[in-house]
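I am attaching a structure below and will ask some questions about it afterwards.
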Amino acid sequence: MDNSTLRQRLEELTVNAVYPVNKQYTEIIIPAESYHEFCSLLKNSQDMLFDYLISLTAVDWKDHFMIVCHITSTIHRHTIIVKTQLSDYGDPVADTVSDIWRTAEFHEREVFDLFGIRFRHHPDMRRLFLEDDFGFPLRKDFTDESRMIVK
Amino acid sequence: MAFNIYDFTEFTRSIDTGLKNSMSSGWAMFVEYAIIGVIFLLVYAVLGLFLVYAERRVCAFIQNRLGPNRVGPGGILQTVADLIKLLMKELIPIRNADKLLFNIAPFIVIIASFMAIAAIPFAKGLHAIDFNIGVFYVIAVSSLGVVGILLAGWSSNSKYSLIGSMRSGAQIISYELSVGLSLLTIVVFSGTMQLSGIIESQANGWWIFKGHIPAAVAFLVFLIASTAETNRGPFDLAEAESELTAGFHTEYSGIRFAFFFLAEYMNMFIVASIAATVFLGGWMPLHFGTGNAFNHVMDYIPPLVWFAGKTAFVVLIMMWFKWTFPRLRIDQLLTLEWKYLLPVNLVNIVIVAFLVLMGWHF
Amino acid sequence: MQEEIVKNVILGEEDDYVINMGPQHPSTHGVLRFEVSLQGETIKKVIPYCGYIHRGIEKMCERDTYPQIIHLTDRMDYLSAHINNEAVCLCVEKALEIEIPERVSYIRTILDELNRIASHQLWWCAMGMDMGALTTFFYGLRDREKILDIFEESFGSRLLHSFNTPGGLMHDVHPGFQKRIKEFISYFRRKLPEYDQLLTDNVIFKERSVGIGVLSREDAIQYGVTGPSGRASSFSCDVRKIEPYGVYDRVNFNEILRTEGDTMARYKVRISEMEESMKILEQLVDNIPAGDFTAKMKAVIRLPAGEFFQRVETARGELGVYIVSDGNKTPYRIKFRSPNFSNLFIISKLAIGFKIADLVAISGSLDLVIPDIDR
């Protein structure tokens, strides 16, 4: 489906979703409560069939976090960007999508390692690269005099 | 003292009588043992050095590069330099390792290979131990080496070493069967286990030609099985660098590692010389039939040169194997032996026995 | 903090025989640790531990300007350095909506394909060496030197190029560039059958790779295994065909797909890809249009506020570059979706039930470059 048809289909399926402007792909921001359900809908409904998760990451916007997933379909060859906003800046928690796309298990571990965002129902919530007492380096308020050179 | 390059028996007998004339019989024996021991030590060491250098050069040639060519003229002294380096290394003691077993394991491996090299006929008359059960003796004694390998892996108190030595132990014990059985075919042909007797029986042609197909099959099986016996070539899983970081001799350093290393190369030499002796005629020149002009021409080349040439040929084949083929996995290795080589060997022996009864060999 | 999350301990039971492969190990191609639980020689469980070479590239990019980021991308998957550079350049050029000259696209694509061949040559070397055929290491490197000579003549460095810059190239290629590439193609065409004779048709090699580590298509899509490893399981994931960039939409080449999904299939896909890359090179090398080697760019590059995503096909799979910009001269957040990160974790599934020797073969056939996993 091309972007406009996809947009219409998504508007039928969801309420409370925001559609930011993006020239390349369709982008949708889903509220955190319906994030997991929406993702399984994307994977399982026959006309969309988003089965390949390209990347799952997070962005720190200083008062909230945004989880960003780029997903594509190997059958229909369309791409979508799904975002969800985590407003609790002190202790952000999101739903896991590793039961929908297995590769998310490791992307979410990396997000936990670098940002400190925990994922509910994740099969193995451990840090991936860094030691347990390192802190969360990709947060904007991370400072470490011994390791960072700030220009 | 008559020094005849074609027949050393006169030379050795004259030394023997000379010693017996100048001291009592017991002392003469003792001096003879000492002389032979020293000579063999020297031969062992020098041959080992040369073989390591040859392997590095052959390997480099196959891999499209030069080998060692700096130390000494053409790089000949490279192994001497390596040996000096190894001698100067620290012998790192392993905590929690079984000290007695850890220390004697390299010695067991070297002793086994020394005992085997004593029985090899280098030329007519240059034969240190000439038992009437020569072939049997060599097979029995070279299988003592596996004890050293198992001890080395066990006493190192390291998981890698243990896995490596268990693999190696299983491999060597399996392939001993094939080695023994393939040598047995020639024993059936020649009717004697004495190595000098086997060589004498090849005076009218080497067994690999006289015994035609079964001897050729036995030669191939012997080549494969002996490459596996010595942990070489495509069967070097026990010390595979890319998997277990040196296997059973991971924890050894300095001179102890040098022992394992040297023993591996000398085992290759021993196995190649047994192949040359039993299948290719040992020091016997290439004869076809008896008493013709071709044989006289072949007789001009000294037997020592024949022996060295044949052994070098087999050693070269074994080196070629190693640098061309990928490695077999342990279960494929054992499958090869038990399911393929052993049945082939057994059938071959039956065929050979039948041939000898019917007289259908040359 | 961990109490509410369900945490399954993945580590094995107490009486498992656990050995450690790595982080320093001759065959893990980088610093990677495998914790292998064995039963005899059979693998019960493999857990990869990465992070030994985590350098914080994404954090460093947040303080560097866009031309400076290019030099950091070299060091991720260093065997496809040029393609990594191109990914960031394309993303920046797409964000700024500038038109780059044709000549730049042609040269970038030619260097991409040369880089792909060089990377596959090094993979072949290492694969043979891991299996024990030590000679293949030297034969592959001997042929790779020809490509590295071309790189050195063109822009001075053999491995880490940094030749791309947002807007075009750093400087133009030298006049003998096309002749050198044609010489290389005719040389390598004669040598590629040697690779088949030495390794592909060898009985021992076939015994050790056919049927080992079978990856099904569903697993490949679920775990995001792209590149030749995914295509060997008939997962059609070649970004050069799906979202063409450069001049890939104007050349004729096949996407190599195989159905078996075992180690031998992954091996054969890469060998065939070398042949396809040479076909692409032949079509492009004579037709480089004349023109500028860079578009006109401002001295300081500021991306407009917004988010931009670009996918390219490196030698190992799909690299995704995601840039979040807030209008400054440094990105607000940059994320590299690296192919090796997704390819690594499939090993835990593929190696179960095989022997240790097969683990080495499987990780060799997946062709992992560890700095790309850790970034």
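Residue numbering begins at 1 within each chain, and the chains themselves are lettered A, B and C in the order written.
Throughout what follows, a contact is a pair of C-beta atoms (placed from the backbone, for glycine too) under 8 Å apart; a residue touches a chain by one contact, two chains touch by 3 or more.
Please read all numbers here as calculations on a predicted model, not as lab measurements.
Chemist: By the document's touch definition, which label belongs to this structure's chain graph: line, ring, star, complete, or other?
Modeler: Here the contact pattern is a line, an open path with two ends.
Chemist: Report the chain closest to the protein's overall CA mean, measuring from each chain's own CA mean.
Modeler: C
Chemist: With centres defined as the mean of C-alpha atoms, identify the chain lying farthest from subunit C.
Modeler: Taking each chain's C-alpha mean as its centre, the farthest from subunit C is B.
Chemist: What whole-number Å value describes the gap between the mean CA coordinates of subunit B and subunit C?
Modeler: 47
Chemist: Centre to centre, by mean C-alpha position, how many angstrom separate subunit A and subunit B?
Modeler: 65
Chemist: From the C-alpha centre of subunit A to that of subunit C, how far is it in Å?
Modeler: Measuring from centre to centre gives 25 Å for this pair.
Chemist: Provide the list of subunit C residues touching at least two other chains, using ranges where the numbers run on.
Modeler: Expected reply: no residues.
Chemist: If we count contacts the way the header does, which residues on subunit B are in touch with subunit C in the complex?
Modeler: 59, 62-65, 159-160, 163, 167, 234, 236-237, 240-245, 323-332
Chemist: Please output the residues of subunit C touching subunit B within their complex, sorted ascending.
Modeler: Of all residues in subunit C, those touching subunit B are 17, 19, 25-27, 41, 128-135, 137-139, 142, 198-199, 202, 204-205, 207-208, 355-358, 360.
Chemist: Can you list the residues on subunit A that touch subunit C in the complex?
Modeler: These residues of subunit A touch subunit C: 22, 24-25, 27, 51-55, 57, 59-60, 68, 70, 74, 77, 81, 91, 101-103, 105-106, 110, 114, 118-126, 128-130, 137-138, 149-151.
Chemist: So in the complex, the part of subunit C that touches subunit A is made up of which residues?
Modeler: For this pair, the touching residues of subunit C are 1-2, 4-8, 10, 50-51, 54, 56, 58-59, 63, 94, 219, 221-224, 235-237, 242, 306-309, 311, 318, 320, 322, 324, 332-333, 335, 337, 341-342, 345, 374.
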